[in-house]
Amino acid sequence: MARFIAKLKSEIGESPYELRYRGRQTSEPVLMRVIDYNKNSLKEATLKEFVEINGYKNTETVTWLNVDGLNDSDLVKQIGEVFKLDRMILSDVMNVSSRAKVQEYEECLYASVKMIQLNEDTKEINIENLSLVILNRLLISFQERKGDVFEPVRERIRKQKPKIISSKTDYLAFALLDVVIDNYIYILSVLGEQIENLEDELIEDPSRDMLERISDLKREISFMRRNIGPAREMILAMGKIDSEFIDDDNTSVHWRELQDNITLAIETVDGYRDMLTDMMNIYHTTVSTKLNDVMKFLTVFSVVFIPITFIAGIYGTNFEYIPELRYENGYFVMWGVILLVAGGMITYFKMKKWF
Amino acid sequence: MARFIAKLKSEIGESPYELRYRGRQTSEPVLMRVIDYNKNSLKEATLKEFVEINGYKNTETVTWLNVDGLNDSDLVKQIGEVFKLDRMILSDVMNVSSRAKVQEYEECLYASVKMIQLNEDTKEINIENLSLVILNRLLISFQERKGDVFEPVRERIRKQKPKIISSKTDYLAFALLDVVIDNYIYILSVLGEQIENLEDELIEDPSRDMLERISDLKREISFMRRNIGPAREMILAMGKIDSEFIDDDNTSVHWRELQDNITLAIETVDGYRDMLTDMMNIYHTTVSTKLNDVMKFLTVFSVVFIPITFIAGIYGTNFEYIPELRYENGYFVMWGVILLVAGGMITYFKMKKWF
Amino acid sequence: MARFIAKLKSEIGESPYELRYRGRQTSEPVLMRVIDYNKNSLKEATLKEFVEINGYKNTETVTWLNVDGLNDSDLVKQIGEVFKLDRMILSDVMNVSSRAKVQEYEECLYASVKMIQLNEDTKEINIENLSLVILNRLLISFQERKGDVFEPVRERIRKQKPKIISSKTDYLAFALLDVVIDNYIYILSVLGEQIENLEDELIEDPSRDMLERISDLKREISFMRRNIGPAREMILAMGKIDSEFIDDDNTSVHWRELQDNITLAIETVDGYRDMLTDMMNIYHTTVSTKLNDVMKFLTVFSVVFIPITFIAGIYGTNFEYIPELRYENGYFVMWGVILLVAGGMITYFKMKKWF
Amino acid sequence: MARFIAKLKSEIGESPYELRYRGRQTSEPVLMRVIDYNKNSLKEATLKEFVEINGYKNTETVTWLNVDGLNDSDLVKQIGEVFKLDRMILSDVMNVSSRAKVQEYEECLYASVKMIQLNEDTKEINIENLSLVILNRLLISFQERKGDVFEPVRERIRKQKPKIISSKTDYLAFALLDVVIDNYIYILSVLGEQIENLEDELIEDPSRDMLERISDLKREISFMRRNIGPAREMILAMGKIDSEFIDDDNTSVHWRELQDNITLAIETVDGYRDMLTDMMNIYHTTVSTKLNDVMKFLTVFSVVFIPITFIAGIYGTNFEYIPELRYENGYFVMWGVILLVAGGMITYFKMKKWF
Amino acid sequence: MARFIAKLKSEIGESPYELRYRGRQTSEPVLMRVIDYNKNSLKEATLKEFVEINGYKNTETVTWLNVDGLNDSDLVKQIGEVFKLDRMILSDVMNVSSRAKVQEYEECLYASVKMIQLNEDTKEINIENLSLVILNRLLISFQERKGDVFEPVRERIRKQKPKIISSKTDYLAFALLDVVIDNYIYILSVLGEQIENLEDELIEDPSRDMLERISDLKREISFMRRNIGPAREMILAMGKIDSEFIDDDNTSVHWRELQDNITLAIETVDGYRDMLTDMMNIYHTTVSTKLNDVMKFLTVFSVVFIPITFIAGIYGTNFEYIPELRYENGYFVMWGVILLVAGGMITYFKMKKWF
């Protein structure tokens, strides 16, 4: 965190045209993959040099260039120059801490959103910024790291699914965003399962670490909320945009579909948040009820002994003349009285349902 | 849940044109019922083969095709082909976890909403997705399972009620949605009765399982809220739509009626939610007040014994010279003092209303 | 409640054109009163047969027909036929559980709102549905029961107040709604007085039944809120409507007036709700502070006795050689020590302000 | 309150044209002050008879008529007649319990707002209704009582400040409303100072009366909120109005200024409300922490004595053969054990930081 | 505070055209710095006399005049006269307690916002009002004190960064506001780090001063919220303004960028606020759980001694005939019973997990 703050400080007042990658630095080389397809052809390749992209510049096919890694700002600049992108777009691509947004430019449409992935092994949630630059026959996607959620889309292209291979970049953009949001929903459902399991456990046995687990889940749910909210705004804006790069007749149904999905996601998040708040309350109630039961039991227990201890105390006094002491069976009579008193009290308390 | 998550995962990135039923699988055959009616004729039949539908293709009557069961995706595809429906519609019909919505297409109007039914025997609330495809002279309704809430509408058609038999598919769609919402309201009133009964019990005797029951009702109310909210948006959108399949002059009054009903339902839900929150607070207060009363009583009880036990302790000491011990009636005087002290304390505490 | 639910169930899916009175059934005959007035004439009568209404069909005067009782659906049908009202209007008139609303029809303007009255004797709040059908020279008002809040309006007509007798049905409708809302405000002020009285009592002596009274008032305030909210929407819609039955020049000031009044009512309700919530908190705080004071006092009291009881216990041991026991004034010295310890502790606790 | 309710009841259904002063009745005569000014002249007078106003009817100067006192409805009627005001305006002037509002009429602009003043001596907050009737060259302001906040505006006129004497009634109205809102902000700052002082005290010593003081401040803040809210709506409406009596070029900047000020006031109020809520929580926490510390101390204290009292009890038994009793230094050994046990426990508790 | 209130009071009703500096008074002379630049030239100077500004009046370059200090109202008046600024602008410049806003004038665009700086040494947050007056080729910025956050912008000009030196005053204004908002975000990240550190500490050891620190952070977060909110409104208004001083083609992307940034800032603030509220709850829970554990332990401890003390009490009675006392090993048997009872109870309590 401290390093992150120092970085933030050093960037105050920097020109918005500065290309500086604000994310985690790696020395891995940037990976550039190209899929070039239309109804009749399919080419897939990994570029070694960026200049190879020129081989895909034709207006018959749709070309999807996927750039994994943002640590090479020269490359980004080069891409900008080749495709004549506004400097602000490049700067936005590098600025991975920005809010999800969509922005129209003369030469293209720029969209960014957070890509959230669940690492199935560690159960960790990874987040990285995804930028899409939508041109006429070309879509460039920028990610921070290798490893993405787009394999299903690549499969659909490879399998020559009719819709995707007969559409343009707008449909490809939709397909990519659709996967991103599907992942949101999938992660939410995983969190949801944890929440429901916890809820079952909670009623059975509210151990102390439960509070911490509720608290952790709450934080993860907040994290999701914070990212899904702006994503939804972006999708809504996307659906309303009137741009040459979006063919309304062809994709408006899909944007509405996405909007419904992400709205559902937000409602789900809010539902989980309420559940967690309720669980916290139930936890507190259960714990305090348990404590109260213990305290009540112990108090009742003590109270039963108080008068009988007093009785014993009375006959421990050293007065010269205490008639009861001299009775033959005085001691046993005392025991009788003690048992009577104790029994009476217990009966009374039981009757009152005090323990 | 785990299976549901696995399924979700497997569907990430799937094409939106994929027809896959995401609900509970059954091996029951799909049931297709047709009611074909106008002012002069009424035909009702169960189709064995889908091709029989061709017998109802005329422009004089309104045909309502009700499909119960979504496990046969081939059938759905066939329906789509026969009536020339957009592939997205078919995909939406199959996607039973979607939000309530209405979508205009060139060839039809598509609407979906959750159908909620109360099983009168088990008191369980069942939910399934209902899709309506509204064409010019044909309305197709898709449900997940056999058993629906539409019997009253069928009855109205059979009894040749003038309004319904002289209207088109838009009025039929309204009538179906009206029943769906009537069921929401009915279920709410059943929940409401349970809440009010619980409230009465609560004041009389706040036993522990009450908390669980309040909590259960809260969950059911949240469940209703989550489904009625999108339904309301859908109804509002329906009222605003400007489509050839909706005859405004004829049905706008009805859509307003539906809007009022569902708004009322939402206000009712919110009212119940507030009541349940209040009840939870009252429960806590009552429980803690009861506990406090017990603890106060027990404490006062103990406190009365403390000084008199001390007095007895004093005369249990073995000093060689304790004058009181030698008084003839020392023992009885001690008893007198003890009773005085105890009586004084009890009087004082009673006066202070401490028990 | 159970009967109400059964009724609800039986009506699921009923045609919206069905005329069925959903309120409390009575066998009382329906009361029809007519006031017919203009600048020059004033006729007031109770109709025995509905046909008598024909005597008031002229375009020179304003006719106000007030129907008390909805149990005679034939009569309602007859009224509908005579004045050529849409069947939906009649259905709405009968459906007394609907939300306040205003609806334009070609032949008339339909408005409904809840009429809330305070029974001055029993202090009970009665609610019934009021429907207004506004035609050109005729206003029909439907109520569920005899007894309304309109006497002041009738008086104004009888006393020939210039504004009312020179205006049309729109002003009459305004006057009626104005009384309804004045009653809301009056009932709120009565509840407000109870709340303020309770608040004064609360600070003085928070007895247990106070919680129940706060809770009851809260429910009544919620009840008012639930009815005033839709009424406000209705009044706002009324002010915006562009209908031939509302003369804008003449009444727009009045609708604004009504809007201000009902907005004030809502703000008042919300203010009271906050006050009640605050009072609940103050109640809890006061009660728990009182309890804590008692417990602290009792604990301090006990604690003072603990060491001195221990001292007495020491000298109750039977060791063969305990020097203090043999001192001549050992017993008195012990008393001295005991008093010193007790006094010291009391001083310390007082100093610490622990009791 | 009771009288106020009775009055409310008596007014239900009264015609909106009725002129009845609903505020506090006084027998003081109404005070009418006139300031008549323009760039070249300045006349200031107190009218004895209303007819004297005719001396100020010219179109060269701006005339400000300030009426203090509303108990003379005849006078108000007379004013209405002389300046040809709509009867509704007069009725609104008299109805001092109305919400802040602005209403356009053909002949004038009517605005009302609550004027809140702090009595510097008693620290009481006084509220009265202020109505402004803005005509072409005349502004009439109505107040309920003598004593207002407008002296600074009068001073500015007397001192011939260029802007005010060269503007029309719209600027005068702005100046008056500006003072009213300046007073809101001033009173808020006084309340704010009290809140901040209380906050400092709270951390030092949370005595019991603090709760009451927080509660009182909360009520005053709510009172301010309830009045500033509608005032803001009024100012916003004023800024949007398109009336011949408001010269947009000249005053739009000022209305925006007022809007900013009153928005700031509302944000301040909301900030104070949050602070008070936080303070209430801090009070509760501090009080309960203090109590808990006391109880913990006392409990630990008691617990230390429990085992040593038991030890003494053991040696108070009268068994014939108890070896320890016969040891020469048995008694001192017992003391040693007792001190050891007590010391050990104290050390343990200290170590655990239990007191 | 008291002095501030007195000042507020003295200013009630003052003309909005009054130029009075309402901030902290200093006797430091006002500092006037000029940067005059375009693609070809760069001049930077500190003005001794204001008249020197005339040397920069040309239409080829952009001139940025930065005025540090507002205590010299004559200077402000002079600036107003030279650049023909509306008196309201000057008044707004002086009124440093106003809300962030943007206001269009014929001759210029006026914007104000709070400039918040973190003093890196004292960790104090300083706030001052920043006013920007945007003219055609001139931007005047007014600050209350020396020391600002604009050094990075000056650096960019000095380094002849292409975008800034080839743009007009609108881009300069954007650059300045961008730095201001970057500082908001930086300060938020510093607060965020403190919050996260506190959260870690909280779980480890909830000492008492933590409550105060949470409370302090909450206040600082509220402070930021109160300033960022209006700033966001201002930025949004800025983006929508249609003024000759803002070149839409050139800067609209930047305003959108700023809007995204400040929206992100607000979401961050709200996230922190929720975190602090959660932390407060966790603090309370942890503290009360700890207390409860202590009390439970102590109570269990006491309860174990109660029956065994009673047993000892029994054999301390002085009955003439108590058989057990005469048994040879009676005393040891008693010890055995005591240990058995105590051991049994401890086992039972352990089993029940009561301590």
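Letters A, B, C, D and E name the chains as they come in the text, with residue numbers starting at 1 for each one.
The working rule: contacts are C-beta pairs under 8 Å (C-beta built on N, C-alpha and C of every residue); 3 or more make two chains touch, one makes a residue touch a chain.
Not measured: the values here are computed from a predicted model.
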Response to the item:
Contacting chain A as well as chain B are chains none
Worksheet item: Rounded to the nearest 5 degrees, what is the angle of the rotation relating the C-alpha atoms of chain A to those of chain D?
Response: 145
Worksheet entry | Numbering shared by both copies at the chain E-chain D contact, with half separating same from different | different
Fill in: Distance between the centres, which are taken as Cα means, of chain C and chain A, whole angstrom
43
Fill in: Centre-to-centre distance between chain D and chain C (centres being mean Cα positions), rounded to whole Å
27
Worksheet entry | Residues of chain D touching at least two other chains | 295, 299, 302, 309, 313, 316-318, 322
Fill in: Residues on chain B engaged by chain A in the complex (per definition of touch)
1-2, 4-5, 8-9, 11-17, 86-88, 92, 98-99, 101, 103, 105, 208, 211-212, 215, 218, 222, 226, 229-230, 280, 284, 287, 291, 294-295, 298-299, 301-302, 305, 308-309, 312-313, 315-318, 322, 324-326, 328-331, 334
Worksheet, complete the sentence: Note: in the complex, chain B contacts chain C through residues 149-153, 155-156, 161, 163-164, 175, 178-179, 182-183, 185-186, 189-190, 192-193, 196, 203, 253-254, 256-257, 260-261, 263-264, 267, 271, 274, 278, 281-282, 285, 289, 292, 295-296, 299-300, 302-303, 306-307, 309-310, 313-314, 316-323, 352, 354
